[in-house]
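Data first, discussion second: the structure below is written as structure tokens.
Chain nomenclature is as follows: A, B, C and D, assigned in order of appearance, with residue numbering initiated at 1 for each chain independently.
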Amino acid sequence: MTASYSPTEMMTVAAARALKNDDVCFVGIGAPSAACNLARLTHAPDIVLIYESGTIETKPNVLPLSIGDGELCETALCTVSVPEIFRFWLQSGRITTGFLGGAQIDRFANLNTTVVGPYKKPKVRLPGGGGAPEIATSCGRIFIAMIHSKRAFVKKLDFVTSLGHGKGKNDRARRGIDTEGPTKVITDLCVMEPDPKTKELTVVSLHPGVSREQVTEATGWPVRFSNKVAETPPPTEKELRVLRELYARTAAAHGEAA
Amino acid sequence: MTASYSPTEMMTVAAARALKNDDVCFVGIGAPSAACNLARLTHAPDIVLIYESGTIETKPNVLPLSIGDGELCETALCTVSVPEIFRFWLQSGRITTGFLGGAQIDRFANLNTTVVGPYKKPKVRLPGGGGAPEIATSCGRIFIAMIHSKRAFVKKLDFVTSLGHGKGKNDRARRGIDTEGPTKVITDLCVMEPDPKTKELTVVSLHPGVSREQVTEATGWPVRFSNKVAETPPPTEKELRVLRELYARTAAAHGEAA
Amino acid sequence: MADVLELDEAVEANVRDGDVVAMEGFTHLIPFAAAHEVIRQKKKRLTLVRMTPDLIYDQLIGMGAADKLVFSWVGNPGVGSLHRFRDAYENGWPGPLAIEEHSHAAMANAYDAGAAGLPFAVFRGYRGAELAKVNPNIKQIICPFTREKLAAVPAIKLDVAIVHAQKADREGNVMFEGIVGVQKEAVLAAKRSIVTVEEVVDEFGARSPNAIILPSWTVGAIVQVRGGAHPSYAHGYYKRDNAFYKAWDPISRDRDSFRAWIDEHVMRKGPGAFAVHAQRAA
Amino acid sequence: MADVLELDEAVEANVRDGDVVAMEGFTHLIPFAAAHEVIRQKKKRLTLVRMTPDLIYDQLIGMGAADKLVFSWVGNPGVGSLHRFRDAYENGWPGPLAIEEHSHAAMANAYDAGAAGLPFAVFRGYRGAELAKVNPNIKQIICPFTREKLAAVPAIKLDVAIVHAQKADREGNVMFEGIVGVQKEAVLAAKRSIVTVEEVVDEFGARSPNAIILPSWTVGAIVQVRGGAHPSYAHGYYKRDNAFYKAWDPISRDRDSFRAWIDEHVMRKGPGAFAVHAQRAA
């Protein structure tokens, strides 16, 4: 028996589970932060979380609203400058896992957080890459967490902010990039992984109660399913409790100032 | 009336006098350290001394034996890493004055601290450049302090460790270097300055009691004298007292450990 | 040597129309009070450089202070878009705004190169990223030893850097602590600089020998402005006002409500108005 | 995660014949105790990398541990030559020694590049200096924006970094303070590392958020060796033994007196012999 939960909670829990206790994780801005901290507060107490603001081994009690909240520094092992975090910590290749999100993703897990429409005359100007272009290629592997919708899971990106598997197959290797790239895309509907050969994203697990049709409907390309599609185990009571407590602490903390 | 003093004391005092209160000085290893600290303890109390060990605005009470003695760190405004000191502080061009010495100097104030004899099969292997090659070109101007002898003031260097005025005239500018280079060479016999046009070192001031012949005798090339050669004012009682106290404190401190 | 000035004097003496200016602070220590003074003095045609433009540049852009924005992530962190930035960039209101866009790694390296006096920065970046196609200031460079292709961007060179720090001492030395971002690099990469601080103390006192300090001779003007980083925060003094960041979204969505807010909170106020924020517990 | 080991285990597990090894420490925190263990274990054919070779490498070279020395200033600081180095380099005793010589700026940048995972370092250096003619690892690179010619050197990549620090905590994190040199860079540029420390503490306790710390997962082995930096020093623990540096000159001038000294103070001793030096007041 598990309590009822929202699709976003399922996504966060599934993302958290993908992380291991010995991971060194570079936490980009947005949703990934919840998943990383949930992992830390459940099955991966020793996971190392690094934020691009320079905070190393941070253990926030509440989720940061911004990537550089005081909470991150106060609970960190140490805090270094921003040039150092990108040079000595990210670029050097010592991060095992990078966590990204985006406004658009394509079938090869390339991401767009730059513009909707043409770059010089966008329909919507998005925030831009931030740390993503280098996170995407410097970390050992990449997890992506995104809400599943046709607007987001698109046939063709308006702009490639950060590289996933490029044009598929061995495109990363061909470009001289020796990191794995995206190995998991976790949505509120399912978990996708790149096909070992083509590198096209393939549904490997559906969240409880989600049908293949729902995923197909929410994906802007003819989405493939792996031969054996599993059902994602639902959030455990502990996972849900810890996640909700984390959100509750966060809400209280962020509402406090005038 | 001044007390009697040694030629080396005269050299150190003359070198100290060349420094100004608003100088930011990069202090290389060796003799320069005494001159810089004498200046700080006499007419230039606000002079900023930076050592390549990373200590910024250090005010040592005793002279360091090595470039990274604890005294330098304990009396510094702050201490940064060695890559930072060479990148943000030296290379960036914010040092007004660099202080160098060497085993050999030529008429254009190029210095050798690398080898006597051929590089691959030296007669004497000297310590090498350390910070000198970049100090020589990155600081606003360079002062050189050296004991005057034919072995040191040579017609041709065995090796150019750090650039002075190269082959003379506008050689520095021709190489794209926009700093002044050596503007003063202070020895135990005299003070030399580069001729404004040819950049050949020229004696501008003789220390009290030193004859032109002595300087000529101690110099490995036909040394030039400026039209008007001054007499270096002898050390004042205060200069001598402060310098000797500094050496006495230093000797006591360095002898202390077992 | 740094001069200790009033904020209006410091901005007047250091910020000129058309300057390349960075107001830095990575979430932490963002110099809002100084930015408000720049708005009050109606500076124009600035090129504004900042990794994460944030509310501080939304306000400057909305008031027409800038011609150009150089950035790597433009938004209200955790909240959404910067509406004044988007209105300027997408609709040209109150004037057109050019952009030069980079990644964080590129800008962090470019600040570092600026502080180091280098003309450019080398890093392993932009691989497979389309920004390199739309920004001519992103080039490739080849390692002369391994032949690896790396990215190169010009060093950031500033006319003025404006930052906020916790403390200055009477000599004009400045001490930073916590998330230090690229502030030290920005000041060292600038011809002129203004540092607002929470307090000017007689002496820093006991501290790590490796404390992060800018010596007075590297700093232009120092101004004490208590609370001067609000709604950003100052480690050890007061917390980030996350609620204000959320409140900014509706304020800035509309041109009139934005102007009304600026009129009330910037034009009719001075730096003293920030002091109230410093009184909230850290 | 760092393992807390005994010194002999740490050296045995991490240092292999033929390795590229750096034992760093810029005057301060030089890992003498670890070097003595390397001598005791008779490691051979090492490439020794260090900005300022100092007594520590004089001892290793004199005992025949090294094939090659990479350095930027080789001497007994403030005292004179390193006689064992010169005897090896000039006379091939006890074996031939190859050298690769740089400037400090080059090596500092090369360590920085190694820590940053770059293949090479760019800096404004070696202008008019003849080293660039005798060292093929010094090349020129042209800024793609300004066309300025700059120097390039390969990044330092190490098999093993060996450094000394003040403290480690029970988790295996390491804290440095004072003149920190290139130690952090060396460890981050190495495949394996050994850090000897003055003490292992339960927790670092109150400290600056910007304290210089190597997280445990970046460190190989940690060994507590009190006094392990002697005759160098440990800020906050004990002073540099300048008298010993001076005494080294006559000891090392002669092959026999050198060997006798090594026999007595290294071969017949263990790391415990360093503790006495930690007892002198800081």
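In this section, contacts are C-beta pairs under 8 Å (C-beta built on N, C-alpha and C of every residue); 3 or more make two chains touch, one makes a residue touch a chain.
Keep in mind it's a predicted model, so treat the numbers as computed, not measured.
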item: Chains contacting each of chain B and chain D, listed by label; value: C
item: Cα-centroid distance, chain B relative to chain C, in whole angstrom; value: 40
item: Rounded Å distance, chain A centre to chain B centre (Cα mean); value: 57
item: Multi-partner residues of chain A (at least 2 other chains); value: 73-74, 79, 87, 91
item: For chain D, residues that touch 2 or more chains besides their own; value: 116-118, 123-124, 148, 178, 180, 185, 209-212, 235
item: Topology of the chain contact graph, where touching chains are joined (line, ring, star, complete, other); value: other
item: Touching pairs - complete list by chain label; value: A-C, A-D, B-C, B-D, C-D
item: Residues on chain A engaged by chain D in the complex (per definition of touch); value: 24, 48, 56-57, 73-74, 76-80, 87-88, 91-94
item: Chain C contact footprint on chain A (complex, rising order); value: 29-30, 52-55, 64-70, 72-74, 79, 81-83, 85-87, 90-91, 110, 114, 119-120, 122, 125, 127-134, 136-138, 159-163, 166, 172, 175-177, 253-258
item: Interface residues, chain C side, partner chain A - complex; value: 26-28, 51-52, 71-75, 77-79, 81, 85-86, 89-90, 101, 103-105, 108-109, 111-112, 123-131, 134, 148-149, 178-182, 184-185, 231, 233, 235, 239-246, 280
item: Parts of chain C lying in touch with chain B, wherever the complex brings them together; value: 115-118, 173, 185, 188, 209-213, 215, 217-218
item: Residues on chain D engaged by chain C in the complex (per definition of touch); value: 116-120, 122-124, 137, 139-141, 143-146, 148, 150, 152, 154, 177-178, 180, 207-212, 235
